[in-house]
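Residue numbering begins at 1 within each chain, and the chains themselves are lettered A, B, C, D and E in the order written.
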Amino acid sequence: MKELKENIIQRLKTNFADAVAGSEFSYNRVDVHVKKETIPSILFYLKEEMGYVHLSHISCVDWLEEGEFELVFIVWSPVDKVKVFVKTRLDRENPVLENIDMIWRQANTYEREFREMFGIQFTGLVAPDEFILEDWQGPPPFRRDFDTAEYAKKTFWNRPGREDAQDVRETISGRDGEEIPDFAKKYSR
Amino acid sequence: MSFFDLTGTLKPLTALKQFGKQPHTISYPKVKKEAADRYRGFHYNDLEECIGCGNCSTICQNAAIDMIQIEGIDGKKGDSGLRPRVDNGRCCWCALCVEVCPTGSLSLTKDYLYVSEDPDTFLWTPGVDNPEGKERVSFTSTGDSSLNVFQRVPMRELEGKERVKSFAEVVLGYNEAEARAEASRCISCGICTEVCPDHMHIPEYINAIAAGKDDEAVRIIYDNNPLPEMCGKVCTRRCEDVCALAHRGEPIAIRWLKRYATETAVTADITHEIVNPVIKESNGKTVGIVGAGPSGLTAAYYLALRGYDVTIFEANAKAGGATMYGIPKYRLPIESLDKQIEYIQSIGVKIHFNTKVGKDITFKEIYEKYDVVFMGVGFPAAWTLGIDGEDAQGSVQAVNYLHAINSGDKVEIGDKVIVVGGGNVAIDAARVSKRFGADVTILYRRRVEDMPADWEEIEGAEDEGIHIIPQAIPVAVHKDENGRVKSLEYVLAEMVPDERGGRPKPVEIEGSNTTIEATSVMAAIGQMGDYSFLDEYAETIKVDRGRFVVNDKQQTTDPKVFAGGDAVNRTADAISAIADGFRACKAIDEMMMGTEK
Amino acid sequence: MVNDKHSQKIVDFIQNWSRKHSIWVLAYGTGCGAIEIPPTMTSRYDAERLGVRGAATPRQADVLMITGYLTVKTLKRVIRVYEQMQDPKYVIGFGSCTINGGMYYDSYNTINVLDKYLPVDVYINGCMPRPEAVLSGFAQLQKRIAEGRADGATQYKENLEWYRANQKRIIPNWVMPEYNW
Amino acid sequence: MEEVLYNILGAVVTFIVAFVVGMTYGGLTRKITARVQNRKGPPFYQNFIDAFKLASKKTAIHHGVMHLMGPAFLMVTSVMTLLIVPVLAGNNWFPNLNFHGDLIFLLYIMTFGPLGMALGAGQTGNPNSAIGVTRGLSQMVGFEIPWVMSLVALMIQYHTTSITGLMEVQAQSGTWLMLSSPFAFIAAVMAMFGMFRYSPFDIVGAPTELASGPVSENGGKFLFVMMSAGSVFTFAKLTLYVDLFMGGASNLVVLLIKTFLLYMIPVLYGVTSPRYRTEQAVRWFWGWPTFFGFLAIIQAVILK
Amino acid sequence: MRDKATTLYIGPQHPGITGNMMVKVQVEGDTIIKARTEVGYLHRAFEKLQERRNWLQSFTLLCRFCVPEPDPVEESYARAVEMLEGREVPERAKYIRVLMLELARMGSYLLWYGGQNGSLGLYTMGQWSVGDRNYILDLFEELTGGRIYHMYIWPGGVRRDLPEGFTDKVLRTMDYFEKRLKDYDDLMFTNTIFQKRTQGVGVISKEKAVEWGVVGPVLRGCGIKSDIRIDDPYEIYDQLDFEVPTAEGGDIWARALVRRAEIRQSIRIIRQVIEKMPSGEIYNKIPNPLKWALPKGDAYARTEATRGEIGMYIVSDGTVNPRRTHLRGAAYVHGVSLLEDLLVGENVADISAIMNSLGTCPPEIER
């Protein structure tokens, strides 16, 4: 298994100059980081040359603090029985990636979702604008800077009758006269 | 597909045989099928067992549980007085609230039917609105399934045989991983804070430790306790008694966690750096403090932070009072205490050592020189046993013995020591004696479980080979010809239940007199105050039953004089003294700044 | 004769009785609660015993079951469907989500309180309500009908403006025919 | 004059009986289906409750005149059929408009209702209705062939185009036509599957495909009218079959037994069958049923 | 009507739709010339909500992803968390998990029996199988305390041990189903009309299946032997003896045959699991859930569900809340692009049947 995994990384590295191996795992998983320009070619290579015929998943992670989106393509080979995670980072301000739905057709659905939920543009993607949301006016909702609870509170109504709820900590500190300084409050639950 | 598929046409018709069979329909309104024994239906809360910790409310990802005040349930120590109310318009019956309930009072029942036309009737207070649920409880929390971690991270200690060899600290303290693990057990309810005399911000600093922010934890701790490391080692930690987890498991090691956090600040300088205290500009007011015990130091520290000019008069050569001289060094190393006092001094508190008020300086001088006086004088004198032969050589008071040892003096105790009493002082004296190679026996009037000392201390003593004779009342000390202690005679007692409902009383068993040999006898049955230094002020500053009379702001009958510590409160422990000092500080500040309400 | 009080009473009684025993539920699984509808309707619990059966289109249906949460997108359709239904019509709120948001109280895409947008006759507690609970929900609705109190549709008409305002507040692109009852 | 009044009264009675029997049969069907489906099912009078409820519903659907006329067409068709079919031989309470050639007239009138429905459904603008109606008409084309062939065979064989004529034939010979003209009977029964629109020929109003098809825009009172028309029509058709092939009935009990037994054939087969697609259904009707129809005609030509 | 294409809206309110979604089809006569799925009616933004909840609280949302068969989602999440954290699961818990998963598989297939036949008008089958499914739900209720939402498989193991006499009950239920499945076969699989309606409808070729990322019974119905339980074994599936049925043809009929065989394999697995079930711990307890932070990193675990591959991708930034959880729903692939493509050229009457045979489950698509 170990040999096989090293072999995969080696092959990808020789073919794609920007491929960097990610952390190692004890189970059947290989991580490869590439630049976003390489994504279509490396996926095509994996599918056509190495037998990674099944695109298991595409995921997108918003690393707000780092100003980047991470796209993860998980492909699977029924022969090697190894999952290869191809990861790339996109600039959060201008997230553009090349469309890959000619390699795997189901990628189309993922791309539609990411376009809607994260605002990532896929060049060459042909699909209707709206996927899940309808007449959505806010920012792409799955970005981490969109606060769903606040939006829900503002937009939807909550049933009244629960205003008499009390905080346990406040009740007790009110009873015994404890004064919690402000810098400590963030550690209250 | 054949031209005509006879089987395919006729075989399905065999389904018609079902017509003759009894249908398996449950005629629901007529026939009711009981829900499974583990069904997750409506909540039921045992109101007696619930302590209102609110953990259910915290874990609920739907914000369905509110903690509310209920008529007939008042808060008390260890009980916030609040009870959960479930919004069934939010609940998803995941029963996480059951899994995290520390007392196991909350459970789900087999009842699931509720249909209403009024959407406002879906707010239920379990246990109040469905008292009948008690018999229908189905999904409960057992110790095994509970998501609370009931086992404390064990504290590493020296072996019993090892530790009697020296005064090295017995408790080794948590390392980082242990502290994080222990801190993350905390459910942050804050019920403990009410019991703490000083109302320390316990959940906050534990959470800071759990989050890996030790510095923050130290800052939070120093918010109202200037001697936290001392507390972290020797506090009586009543907080742990009411810990929500203590109901079904071991309480959070609050004391050890405090110790861990404060020990990360290795020196006074580092402490200063971490706490980074904001010292207000001098406001020109002066405060005189009698006694550098915990209460005096606390008052001094916080008054100094508020810009007062603070001076402490201490009779002994070192500050710390009873914590310095009463507690053996294997529990509280002298370096630790020094570090904390150095830190307090570093923010501008002046301490005059070896200055006994009443002898080296009169109380009058202090009273007149300072704008406010705070007295944290403690209980310097000890009770005696009041039995025959107590004047024998080798018969000492345990407090005095500890004081002498902690001062570095040598005391001749021989090889057979008997300690009378069951408090911490008794155990301390016994364990110190053990470290000097003596064979130590403790006599106590009541049973072992009645001993007021910490159970950890008692266990530690037993580990070290100290023999405890419970239900033994000393009657006489026998002297040898040199006037030295030769033996102690005691009588066994039986516990008689108190008719008025109090705790059982020991009653002597006639004729059970026993005599054991001894080279020294130590009495550890209590201490008392010495207020002779007051002189003419004894009239204005009233003393009642051996203690100063103070109001809830620690103000004595003389408005200019405040008092705290053992000389005021009945609990007689360091944290109460610190609380007194802190309270006095606030009251003094209010009085001087004119913000008194 | 119709003006006669007694005969009116009898007519009402018969009407309510037949309405009570014939409840056609619109086949619209708006949320996850739809998973307990098949067991309720099929052989084990067999709601048809009580006269409850499915109706394929809103025109034929009496009851609109809101099975759980409603997304804004679905709400738009649900309003449309509700307005297509014929009087008398009833709404059953099914599960926690219809009462106060349930699990999704903080989701940007689901409404929290159903009765702000549609008149609800009966709420069934649970997440998810068991078939028994669903059946007792129907029983409660039957009771309400028999007592002549199931007047959600009338309320909707009377307070149409209020409902409309609430609906339009969260549905940005309002393209719907006028409600003509 | 009196006779006319009696006839009108009799017609009303016939209608009521047909309605009640049709509804009860519907209810019994539901009950029997339920039992086959391993459940208890609704009470047998459930259809009446449903009908009352539908009648008591306010109905505010406006799609135009033709849409309003749709259910009316159905009702008219049902009543006409009912009035033409002799319910009980010689019973004054159940008069009928028998005349020579009424069998041929029936063939036409029975398609009249669906056509009316088609017009109505077309006007609703609901594509489900439109498609449903198209399917209904295609399917009708399917089952009309064996049905017509079967009737034509009877007409050829017994030289009569009236129902009463055929009944008399049976009364005289003492044998039911289902025995003397078995192929015609088989073809007719097979066509009946299509007529009653139970599975496997219920594609017209298949809820899972077309949301109940032609009736999808009809609720409340419309549906009530359609439902009662359906019940009456069911009764009329069953009576017609009984009259044609099972010797008619002399009293109500015999009639009920015969019709019920006949009715159970499509019902029970329907319970255990999925539905055919339209073209499959048409192909089915043009297969074996038409083949039997041919046989019937051949038999008729030979035996005439 | 021939010359003009009619637009049909199948859903969202439609008895034939599988869940709350819409298929907009343009038809000429009865033939579909264009299809467009529209989803989003059930979008609750689970993954967004999970970012606000901690790792344990997130767990309660999982079973809502796909209600007919919630356990594979729980399983995927639990396994992903365990993978990320390196948490061991006790042996007995693994067996109980497999038992749960297989029971859930059976339940889901029974519901499919109902759905597939309902779409074809054979309601008796639905009444039978969905009614019988209650016996499995009863088992769930007894084991987990909930009929539909089990919330049972959680990180570290399972929540409660088997109640007393539970295994006997399971075996009795299995006996019942073995008998009952024969009746189902008589009614459904031998039925000419069922065969006629399903054979040659909704055909997916092998090549297409690979290109479109088809998974689960649909892929096996194309003659490709692929099952995560065998290929990427999890829990104790590699120690069990069972077959992965396949069928040739790629039409509804082939998929139905695969499912028919799989439900029998499930019974076989359940019998084995009960036979081999070891005793011991069921739960490797997590620390206090309020302060349970996972190490930084990501993990992806996948489970074979009745609709295909269900994967859970989780990313932790080292805090108590997930940075990202992302469900790979099986229907995600089948329900949108594949369905749109597959419907073209089919008969309107078969839309519902095709959707059912693909196992389209809209809450899995939009989450």
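In the analysis below, a contact is a pair of C-beta atoms (placed from the backbone, for glycine too) under 8 Å apart; a residue touches a chain by one contact, two chains touch by 3 or more.
Computed from a predicted model, the values in this text were never measured in an experiment.
Chemist: Between chain B and chain E, which partner chains are common?
Modeler: In this structure, the chains that contact chain E and also chain B are A, C, D.
Chemist: Computing the C-alpha centre of each chain, which chain sits at the greatest distance from chain D?
Modeler: Of all chains, B has its centre farthest from that of chain D.
Chemist: Could you tell me which chain's Cα centre is nearest to the average position of every protein Cα atom shown?
Modeler: E
Chemist: Approximately how many whole Å separate the CA-defined centres of chain B and chain D?
Modeler: Centre separation, chain B to chain D: 88 Å.
Chemist: Express in whole angstrom the distance between the two chain centres, defined as the mean CA positions of chain A and chain E.
Modeler: Distance between chain centres, rounded to whole Å: 24 Å.
Chemist: Roughly how far is chain D from chain E, going centre to centre by Cα mean, in whole Å?
Modeler: Taking the average C-alpha coordinate of chain D and of chain E, the gap between them is 44 Å.
Chemist: List the centre-to-centre spacing of chain C and chain D in whole Å, with centres computed as mean CA coordinates.
Modeler: 35
Chemist: Tell me, which residues of chain E touch at least two other chains?
Modeler: 14-15, 40, 43, 45, 48-49, 52, 60-61, 124, 127-128, 131, 149, 187, 191, 193, 196, 290
Chemist: Among the residues of chain C, pick out those that touch two or more other chains and give their numbers.
Modeler: Residues 27, 42-46, 49, 54, 56-58, 73, 99-101, 103, 105-110, 113, 127, 130 of chain C touch two or more partner chains.
Chemist: Counting only residues that touch at least 2 other chains, which ones in chain A make the list?
Modeler: 133-134, 141, 146, 148-149, 159, 189
Chemist: Provide the full list of chain pairs in touch.
Modeler: Listed in label order, the chain pairs in contact are A-B, A-C, A-E, B-C, B-D, B-E, C-D, C-E, D-E.
Chemist: How about chain D: which of its residues touch chain B in the complex?
Modeler: Spelled out, the residues of chain D in touch with chain B are 32, 34-40, 268-269, 271-273, 288.
Chemist: What residues on chain C touch chain B, complex-wise?
Modeler: 43-46, 49, 93, 96, 98-103, 105-106, 113, 115, 120-127, 129-133, 135-137, 139-140, 144, 149
Chemist: Contact residues on chain A for chain E in the complex?
Modeler: Touching chain E: residues 23, 27-29, 53-57, 59-62, 72, 74, 76, 78, 81, 83, 85, 104-106, 108-110, 128, 130-134, 141-142, 144, 146, 148-149, 189 of chain A.
Chemist: Inside the complex, what are the residues of chain B that reach chain E?
Modeler: Within the complex, chain B contacts chain E at residues 1, 5, 7-9, 11-12, 14-15, 18, 24, 35-40, 55, 58-59, 61, 92-96, 100, 108, 138-139, 144-145, 147-149, 181, 183-188, 207, 210-211.
Chemist: Applying the document's contact rule, which stretches of chain E touch chain B when the two form their complex?
Modeler: Residues 53, 56-58, 60-61, 124, 128, 131, 138, 141-146, 149, 151, 159-160, 163, 183, 186-188, 190-193, 195-196, 199, 283, 285-292 of chain E touch chain B in their complex.
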